[in-house]
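This report refers to the structure that appears directly beneath it.
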Amino acid sequence: MAIRGVLRVGEVAIRVLDLEAAAVHYGRHIGLTEVLQEPGRRYFKAWDEHDHHSLVIREADRAGLDYFAFKVFDDATLTALEHRIRDYGVAVERIPAGTYPRSGRRIQFQLPGGHLMQLYADKDRIGNTLPTRNPGVLPDEGVIRGMGPTRLDHVLLAGPNVSDTTRFFLQVLDFDLGEELLDNDNGMQLGTFLCCSNKPHDIAFVMNPEPGRFHHVSFFLDSINDVYHAGDIMGKHNISVEVGPTRHGITRGATIYFYDPSGNRNEVFSGGYIHYPDRPHLTWDTTQLGHAAFSIDNTPRQSFFEVVT
Amino acid sequence: MAIRGVLRVGEVAIRVLDLEAAAVHYGRHIGLTEVLQEPGRRYFKAWDEHDHHSLVIREADRAGLDYFAFKVFDDATLTALEHRIRDYGVAVERIPAGTYPRSGRRIQFQLPGGHLMQLYADKDRIGNTLPTRNPGVLPDEGVIRGMGPTRLDHVLLAGPNVSDTTRFFLQVLDFDLGEELLDNDNGMQLGTFLCCSNKPHDIAFVMNPEPGRFHHVSFFLDSINDVYHAGDIMGKHNISVEVGPTRHGITRGATIYFYDPSGNRNEVFSGGYIHYPDRPHLTWDTTQLGHAAFSIDNTPRQSFFEVVT
Amino acid sequence: MAIRGVLRVGEVAIRVLDLEAAAVHYGRHIGLTEVLQEPGRRYFKAWDEHDHHSLVIREADRAGLDYFAFKVFDDATLTALEHRIRDYGVAVERIPAGTYPRSGRRIQFQLPGGHLMQLYADKDRIGNTLPTRNPGVLPDEGVIRGMGPTRLDHVLLAGPNVSDTTRFFLQVLDFDLGEELLDNDNGMQLGTFLCCSNKPHDIAFVMNPEPGRFHHVSFFLDSINDVYHAGDIMGKHNISVEVGPTRHGITRGATIYFYDPSGNRNEVFSGGYIHYPDRPHLTWDTTQLGHAAFSIDNTPRQSFFEVVT
Amino acid sequence: MAIRGVLRVGEVAIRVLDLEAAAVHYGRHIGLTEVLQEPGRRYFKAWDEHDHHSLVIREADRAGLDYFAFKVFDDATLTALEHRIRDYGVAVERIPAGTYPRSGRRIQFQLPGGHLMQLYADKDRIGNTLPTRNPGVLPDEGVIRGMGPTRLDHVLLAGPNVSDTTRFFLQVLDFDLGEELLDNDNGMQLGTFLCCSNKPHDIAFVMNPEPGRFHHVSFFLDSINDVYHAGDIMGKHNISVEVGPTRHGITRGATIYFYDPSGNRNEVFSGGYIHYPDRPHLTWDTTQLGHAAFSIDNTPRQSFFEVVT
C-alpha cells in the first residue's frame, strides 16, 4: 500500500532569542530557503522539499519547541487519525484551515512527554525549483547553498513518559519501533527511535525529567562529503559544535550536532540503513551507551544527555 | 501508518546459462552471500538483508526472468491483496508454504506485460550477521565483499502493455507513480517507475514488443565511492559494462549497468531522491530521452532499449 | 631537496572560436575565476591557485593550443635550464618580462612534437582569497563555483616524435617517466606520462601524425563526489561529454572528458596514486588498450585517439 | 628537476609494550601488510608502497619512537647530504648496509629536539602486488584490508628547540616551511609543518619540554569515506580514539587521531591541499589555536598537546 497514513515530520516550529541571527543561521549557514516573513516569525524550506515550508522560527524570550507537525496522506487519513487519537483517550484540538499560513486544517494534541504535536494533510506545494516535465537533476546555482540539506529529516524530543509516548506512536499512529535504548539495570526505555518510512527514524524520544523539551532538529545531507562540507561551514562561521563529524550506532547515520545562536541543537545527518517493518528492531543498553550514541569513539557526551531547550 | 501493504521486491529468480560462472559473478564479484545450493539452483542475499535470500539463479538454456516476488507486510495483507487482484479480474494461483525454500505461502499471477509476479508474507529471517542487542554498525571483515551491495534494490521489466501493468500496480497494489517516460509524439507511456516506499522506484516497466522480458536487477550501494569501487571490480574481472558510472535523470541515482556471464543485465545503484506520495510525479518525454536515461552525457544507448533477456 | 626545478604546468593558452561562449564555459560552468580581460583574450585561474592566471583563451578561427608554460622554481633555475636546453641542441627564444601580463621573463622553444613550450619563474601572486595568517580552510561562498576545480592539473598533447619529446623531458627537464603505453607489435611509445611532482602525471604526450595538436587540459577536483557534481553540471548545460565519469587505468584517476564550445577537450580529474621517482614506471601495451584508457569498461573510445584540436 | 633529494619518510620505528597486540592493531585493524618477523620486532608496509617496509614495531618496556628515516633519491644524494649535515655542525653516524633488514647503508644523526633521524637511499623494492606491465588499478581482494591505508604519510614529533630543528630541515635538507603555529604573545614557533613534496606536510614538529618525544605517525587514506570506514573499524574494535573524524585547519586534511594498544598516537589522514614551494607559507597563531588544530569545532584538545610517548 506504499507509504500512507502518517508521512513525515513536515513542520517544526522553534523559538529563538534573536530572529535575525537565527535567520542567518538557518538561511545562510544551513542553507534553507526563506519563503515567508511575518512579524516575529520566519518560514524556511529545504531545497528538495515541495511543500511551502518545513521550519518556522519564532522570536521569544526562551528557546525551545513550540510544536511539531506530521503531514498525513490525505484529509480522510486526518479524520481517521483524529478518531483513533480520541478513542485512545487523548484530547484533540481542531485548528481551522488558514490558521497557519499556506496550510489546511490541523489537529493538535499533547504527547505524554509534554510536547504539542499536530497533524495536517494539506500545505501549499511550491516545488523544488525544478520543473515536473523533463526536470533534470540539478537546480540552478545558488539554490543549493550553505550546508545544502535536501530535507528536514527528523526531530528528537526530550521529556518524561518515553514509553507512553512510544506506545502512542506504535498503537495509534502505526509507527514501527526501529531501535530503543534501555537502562541495563531496570530495562526502562531511555530512548526510542520510531519509523513511519524507510528511514531509520522519523522521530525519536529520550527521557528527560522536564516535559516538552527539545533535543534537536535534523537536516538530511546526501553524503559523508556533504557532512564534512557542513562541518567546514560550521568552523568558518564559528557555529558551536557539540560533537562530530562522527557516526551514530543507533541508525548508523553520519552526524554533526551543533547549536543555533539561541542554543537549540541542530543536526546534519546522512546515510543510515534502509528500514522496513519486518526488520527486527534493535536494542541497545546502557552497557554500550557510548557505542549506541557515537560509534566511532564510543564516548557518550554529557551535554548530549543534558542540554535541551 | 508506516510502510504497510506491499513492502519491497524480496525475491528475483533469473535463469543463467552456466551456474558456476553465475555463482562467481553474483557471489564473488558482486559480493552477495550464498545461502543455499540446490541442484541447478543457487540462492543469495545481500549482506544487510534479513530474509533468507533475495536472488535465485537457475541454470537453463536461455537467460531471463523466471519470476519476481514482492514481500507484503503480513499474511492478512496477502489475503486481502489476493481478493483485490481477483476482483480486478486477474487469475491468481496459490502456492503452498514450503514450495519455495524457507518460504511461506505465496500467490502468483501474470502481469499484462507477461511477467510472473508473486506475493508472499513470510520467509525465514536469518539476519545480517550483526546481533540485535548492541549490534554495532560494521559487520566482521569478509561479510561485505566484492561490490558490497547492502540490498537488492529494484527490477526493471520489459514487455508490452506498460500502461496496463502500471494501472494494476497503482490501483490494486497501491503503488505511486514516481516518474514516467512518454512518447512526445503520442503521449504513450514508454516507461513507468513505481514506488511502494521512500525509494525513487521499487519496480519499473519499459515497453518492449516481446512479453515477459527482463531488463535488469539492481543492487543498492551506499555511496558514489562504492559505485566507483564496483566499477573497479568490473574492470579487474572484465565484466561486460554497458554504461557508467553515470547518473540517471530519472530517479537521480548513480548507476553502472553491466551484464552477468549469461547476458542478464545488472545494475549497481546509489542515491536518488527520497520519494513521498505527495511529491508530484515527474514526466520525461522523448525530446529529452538522453537526459532522462543518463543525465551527465545526455546520450541514450541503443543497447539500453534493445538488449533484454 | 623538496620540489625544485620545474614545478608545474602554470599556464595553458588555447584558441577558441567564440570568446564569449568560451568565457561562459570556463568561467561559469567549470567555475574558473576570470582575472583579466584583454581584447580577444580572457585570463582565468582556479580558486586554490595563487598565481595570477593559469588559463588563457584567445579568440581565433581555429581551436587548439597556442602554447603551454611550466613554472620553474626561481630565476636561477630558468637560467640553468636555458643552458641545458641550448646544450641539448634546441633553439631557445627569450621573451622579456612584461610581454605576457603579470609575468616575468620567459624562454620559449619548440618540442619535437611541434608544440611551443615556455618556462618562466615569476608571475604575480594574487592568492586564493584566504589570508595567510589564520587562513581557515573554506573560502567565502561563491569562490568555489561550477565544477569547483582547485587547480589546473595537466595537459596532454598530441604529435609525432613522442619518444623524442619524452627523452627531452627526462634528460633536460629532469622529469620522471611515470607510465607509458607501448605498441605491442613493435614496442613503440604511443603515449608517455611524465611527472615532475607527486602527481601521477604533470604532462603527457600521445602519438599523432600532425604536429602541435592539443588533446586536453585537465582540472583537478578533490573527490569522486566532485567528479559526479561536475558531470551533473555538464548534463544540465548540455556540455558535450566524450566519456565518463570513469577511471583511467593509467594514473588510476577518476575522470570525465568533455569539450568546450570550440571543440577543445577538457578533463576533470581526481585521485590517482602518489608518485615518487623510486616507484617503478608502469607499462601498458596495446593488448590492454581499453583497460589502460578506461579501466571500468575497458573500452577504448575511437574519438579519444582521433579528436584533437 | 622533479622530486629529488629527500623523498619521504620511509621508515618509522616505534616501541610497543606488547608485540602481539601491536601486530593485531597495525596488521589487522589498520590493515598494514606484515612482511617480516624478527625476535622482538615486526615489519609492515602499506599496500601501495613499493619498498619492503615502512613501519617497524619493537617490543620494549616503554612506548615511543626509536628512530625515523627518510628515503633520499640515490646514493649520491646520501653522500652529499652527509657532507651538508656535517658542515652544518651535526655529528653523523654511518650505518653499514645490512644493519637494517633489506636496507642499504644509512646515516644517522640527532635533531635539536632529541630525535634520532636516519637517511638512506636503498631498500628492497617488493612492489604493491600489481604487475608493472598492464597493472590494472585494483589489487586482489584481501590486499586492501582494515582501514586500508595506501601509504605511511608523515610523522609529528615533539621536543624542545622546534625552531632549530626547523632551520635544519629548511637549510640542510631543503624542505619548505608549509605552515607554522606561533605563540601570539611572543611569536615563538610552537609547531612547524615541513614539506619535501606536494603534500601539505611530510614531517612536523611541536614544542615539548621533553626531548625525543613521539606525537603520532599518520597513514594516508584515499577519501573522506575511507576516513569514516576507518572510524567504524575503531569503534568496532574499541580502539581508543582521541579526536575525529574532523578536519585540520593546518593542512586542510581530514583526520582521526587514535592510539595503538601501547599508547602511541596514530592518525588516518586524507586530502589536504597540493603544496608547491612558491605557495606562501601559512601562519596560525594561538588566538586561533582551535581552528588551526580542528577546523570544524575549533576546539583544541588538551590531550593533543600533552599526550606524547
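Note that the chains take the letters A, B, C and D in the order they are written out, and that residue 1 is the start of every chain.
Here is the rule we use: a contact is a pair of C-beta atoms (placed from the backbone, for glycine too) under 8 Å apart; a residue touches a chain by one contact, two chains touch by 3 or more.
Everything numeric here is computed off the predicted structure, so don't read it as measured data.
Of all residue numbers used where chain A meets chain B, over half belong to both copies. The two sides are thus made of the same residues. Taking the mean Cα position of each chain as its centre, C sits at the greatest distance from chain A. If you average the Cα atoms of chain A and of chain B, the two centres end up 31 Å apart. Note on chain placement: the centre of chain B and the centre of chain C lie 43 Å apart, centres being C-alpha means.
Each of residues 136-137, 223-225, 232, 235, 247, 249, 291, 295 in chain A touches at least two other chains.
Residues 136-138, 141, 145-146, 223, 225-226, 232-233, 235-236 of chain D are the ones that touch chain B when the two sit in their complex.
Residue ranges of chain D in contact with chain C, taken from their complex: 1-8, 48, 50-51, 71, 73, 77, 125, 127, 132-137, 150-151, 173-176, 195-199, 220, 222-224, 247, 249, 252, 271, 273-285, 287-288, 291-292, 295.
Contacts from chain B toward chain C in the complex involve residues 224-225, 228, 231-232, 234-235, 238, 241, 244-247, 249, 254, 256, 291, 295-299.
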